[in-house]
Amino acid sequence: MGYKTVHKVRIEWGDTDPARIVFYPNYFRWFDAACHQLFDDIGFNKNKLLDAGMSGMPIVEAHAEFKRPGLYSDRIEVEAHAADVKDKTVRFEYRVTRDGELLLTGHEMRIMTRPHPDDPKRLQVIPIPEDLRKKLEG
Amino acid sequence: MGYKTVHKVRIEWGDTDPARIVFYPNYFRWFDAACHQLFDDIGFNKNKLLDAGMSGMPIVEAHAEFKRPGLYSDRIEVEAHAADVKDKTVRFEYRVTRDGELLLTGHEMRIMTRPHPDDPKRLQVIPIPEDLRKKLEG
Amino acid sequence: MGYKTVHKVRIEWGDTDPARIVFYPNYFRWFDAACHQLFDDIGFNKNKLLDAGMSGMPIVEAHAEFKRPGLYSDRIEVEAHAADVKDKTVRFEYRVTRDGELLLTGHEMRIMTRPHPDDPKRLQVIPIPEDLRKKLEG
Amino acid sequence: MGYKTVHKVRIEWGDTDPARIVFYPNYFRWFDAACHQLFDDIGFNKNKLLDAGMSGMPIVEAHAEFKRPGLYSDRIEVEAHAADVKDKTVRFEYRVTRDGELLLTGHEMRIMTRPHPDDPKRLQVIPIPEDLRKKLEG
């Protein structure tokens, strides 16, 4: 239940810190990239969303629990899963593994917005379009 | 209860994305910077921890809830608070505001480690030293 | 000759790599931030440029020569200087110091653009507006 | 003459700025990643260098000339080329293309260092080891 994809990442030198492990905000960068790949996979590339007058799916919550550190030159897999698709929110769950070993888990809650009709500088929350919701549900 | 500090940030062009708002992983970068500033304030600069044979306070959990977007050239305040200091963990809580308006809240759980005596490539969890704990408790 | 400003930076943990020195692309991030501060100082905040239908001053060349490494928790000064202002280009020169000691020098060449009238997805090079040029020349 | 490799990158949302183009310091991040891949290819992974007591090949100069902007979700190729290998320096040249179209060129000058025998906090320049030089020369 819920579309899943896997985003592959090589941990680069600049992603790691003097403790020789990944500087943790980078994992959220990779969650975001995996989420974008998931949208690509199901035919909703961000460019398409922007062209359709939506501003994408802004984040309302982000969370991660770290089990083992990622190291320079590791090849990791970031699994993204549209785990819970509601009218106005989607919960994306993430699992990051290295050769099958779990490094961390996390999730994001996202909503859908468009520029507000009365003030294009503000965002307005809108229901997730039916066709997108069906694709996310897998 | 618990030491508090405020880390000031100017949102730079490169911190924002095509939706003209902060790319969210940057907030965790600023949580981390605020946490480092808190350690500096209480006399435990990371360099001092490293020189004392500790590898610092790695993260085991990170969380954020986003209320309003930060925009290019905003000046924001990241308040860091050592909210719950236990024998082996510390919970740091964060509040990010712009001119007093709340943009997001979050927290990190951190532990203390040193290189493992049997294998310097692994980390060993250690109790938080008494003097550091007292300072964190404010 | 040419407006100058100084942008102050504290080197954060996540800016440094396992060699315990700044991961070098970050210096270009700080060049860019110093350049934005220079525009702010002279009354041309990027938001104002964007609202006036310009897309800012995209980069056509960037260069840096590194003398000494920056380290975690160093406080550095990034001096930006509008060193050569021509009709369609500006050369910004940078000097990064730590307590007066030179860490690196660099420069950027920038041009001015706006969305192309025939195709808003392309950029069109335009002359630097007279009022901006005067301010840059100091 | 000189070893060449190609590093593939997908431009992510967070790599782009409100002008909807790549925030330029990221290109240097990708130069660095391509350089690391080149070392991997020829059997000199950075971890191996570090374990051999070297601190890698720090940068002394970095340069880029930008022709066309990279956009979100573009797939680009970063060609790295060990173009000029001397006793103590290597010049790496970069070409970034999208579907064969040139986006930018650049170069880095790098030297080889190890922790100074008299003061492990300083770096000492050393000649590039013979076996590494041969591999770089292709």
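Letters are used for the chains, namely A, B, C and D, taken in the order the chains are written, and counting of residues starts over at 1 for each.
As a convention for this text, a contact is a pair of C-beta atoms (placed from the backbone, for glycine too) under 8 Å apart; a residue touches a chain by one contact, two chains touch by 3 or more.
All of these numbers come straight from a predicted model, not from anything done at the bench.
Enquirer: What is the set of chains touching both chain A and chain D?
Expert: Correct list: B, C.
Enquirer: Over half of the interface residue numbers used by both chain C and chain D, so same, or under half, so different?
Expert: same
Enquirer: Would you say B-C or A-C is joined by more C-beta pairs in contact?
Expert: If we tally the C-beta pairs in contact for A-C and B-C, the bigger total goes to B-C.
Enquirer: How far is the middle of chain C from the middle of chain D, if each middle is the mean of its Cα atoms, in Å?
Expert: Roughly 23 Å, centre to centre.
Enquirer: Roughly how many whole angstrom separate the Cα centroids of chain A and chain C?
Expert: So the centre of chain A lies 31 Å away from the centre of chain C.
Enquirer: Provide the C-alpha centroid distance between chain B and chain C, rounded to the nearest whole angstrom.
Expert: The mean C-alpha positions of chain B and chain C differ by 28 Å.
Enquirer: Touching at least two other chains at once: which residues of chain B meet that condition?
Expert: 13-14, 18-19, 23, 25, 29, 32, 72
Enquirer: Tell me, which parts of chain D touch chain C in their complex?
Expert: Residues 18-19, 21, 23-26, 28-29, 32, 50, 55-56, 58-66, 69, 123.
Enquirer: List the residues on chain D that touch chain A in their complex, please.
Expert: 10, 12-14, 29, 32-33, 36, 40, 45-47, 72-73
Enquirer: For the complex, which residues does chain A have touching chain C?
Expert: 13-14, 16-20, 23, 25, 72
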